[in-house]
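Written out below as structure tokens is the structure these notes cover.
Chains here go by letter, A, B and C, matching the order in which they are written, and residues are numbered from 1 within each.
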């Protein structure tokens, strides 16, 4: 895997597009599978990300993993077109990124067309709304204030709560060290929302890759059993959490 | 042809009659050039098939409508003046009443949409007036004295529940959002 | 020719974009007559020697100045140059410009992120406008006539590759059969 050097990006599709373009690949399912590891590595490198944005990133991560797993195990291909969908979605996004360059060029020419905003003979003439009663004003203003409520709540939901995979790995490791083995469902019991479920899943995948945990599944669709690998074993290094 | 084009554009946006001298300054040509070009533009516009006419009064010029369309134009302007206020216009008027003097950006933020056209409409109806500051962006808006009188008040602060609604907390939140607090609260921590 | 003249006069006194329907009512002809006459007036005005241009945005029209006189008019009006667009703003405006009218869910799908906050910001700045259908959940967005003016165009369909990007089969495939891609249900609900 090449060193990932993506400076700044604007959402998951932007990150994905930059990864593919830096590898000079065309957009296809094979190239999506190729950059999956880099995509997840970039995700992990993001220390702080508003939780709402993270969810968008994770949805794409899940799709990438699905595409990759299907290319690795072609027979496992289920009836699911989310790979094709992501490929199309990214192509579309690429087309609009290109179009945005045209728009920026037009905008930056500063060739603004000006409308007519008034003319010499135009003088205000007092013309009040006949049926307007004073109590009506209060009602309308109260309605306006009420409509503000969802917007004033908005910043609170977008409060920058950060979540990161490394912390999740640390947490799972601690539990595994205590319990040696546990099921994926037991882990998920701690999850508060969809985002955390995906984070937990990614953390487990990462631990398997780092060989600090092994995952077994007895039958198809059965729960996953996660076992801590012997921390004394030579090939295993304790996960260093920075 | 570019002088013709430039003069047409300037006359279109001018909100008062422009002097030939002003036109010459803006286009960096002589008054004589302007005189000649305006003469040519009169030939182009001042005939009965044209809905746009050039009116020269002394040394000032302006675009005016065709006398043949005056009935139609008068009817249109009367309708614009008279019609009842739409709901968005009423909302804007109410916000200016309870919260004025208010800047346009604050008004736009409260309504969540740009209110330029509505404000202009309310001003032409004499309901709202602008107080221009040196910096264009510091212009503030408030309801007109005529409108206060129309409501039967001597002061806009006599509106029902003015004290309370004028400084509603929701307004403060929208207009002065606290700096985004990075709580850096680990979701994992919540779960354990 | 009297319809041409009448429309020219009405467009000259209007200080906001006028709908074809409104023009039809004012002149007592059909919308179809208006459409045809506006088409002819565009041929008369929308060429590079004319200082007056007709901007059509959806079903509204207005007179605007020539892009070639822009520098001069900007100086005359003492307007400041429009500020830079941020990358998310530019991306969102581009998608809304090419694909509008577009729903928020479609926009979110194309950008791969939730666009509630950026849309609110663009609406406050008057670059995007929302059209609420009777069913509240069918709100669609398009760029404003002001944004078209800022680009120096007289119709948003003049954007490069407009036809191709405006309707894209692949987008239809993604948007129609499949579930929306973004998960941020909470924010969606609150912002709309």
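Quick note on the criterion: a residue touches a chain if its C-beta (ideal position, glycine included) is under 8 Å from a C-beta of that chain, and two chains touch if they have at least 3 such contacts.
Just so you know, these numbers come straight off a predicted model, no measurement behind them.
Remark: the per-chain Cα centre closest to the mean position of all protein Cα atoms belongs to C.
Among the remaining chains, the Cα-based centre furthest from that of subunit B is the centre of A. For the pair subunit A and subunit C, the distance between C-alpha centroids works out to 30 Å. In terms of their C-alpha centroids, the spacing between subunit A and subunit B amounts to 42 Å.
Between the Cα centres of subunit B and subunit C there is a gap of 20 Å.
Within subunit B, the positions touching two or more other chains are listed as 9, 12-14, 63, 112, 120, 124. Contacts with at least two other chains are made by residues 114-119, 122, 151, 195 of subunit A. Those residues of subunit B that touch subunit C in the complex are listed here as 1-2, 4-14, 26-27, 48-52, 63-66, 68-69, 72-73, 75-77, 105, 108-109, 112-114, 116-117, 120-121, 124, 136.
Those residues of subunit B that touch subunit A in the shared complex are 9, 12-17, 62-63, 81-82, 84-85, 90-91, 94-95, 97-98, 110-112, 120, 123-127, 129, 144, 146-147, 150-153, 159-161, 165, 168, 170-171, 173-174, 177-178, 180-188, 190-192. In the complex of the two chains, the subunit A residues touching subunit B come out as 48, 51, 114-120, 122, 124-132, 134-135, 137-138, 140-145, 148-149, 151-152, 155, 159-164, 167-168, 171, 190-192, 195-196.
Remark: subunit A residues 10-14, 52-53, 55-56, 59-60, 81-82, 85, 88-89, 91-93, 95-97, 99-100, 102-104, 106-107, 109-119, 122, 150-151, 153-154, 157-158, 194-195 touch subunit C in the complex.
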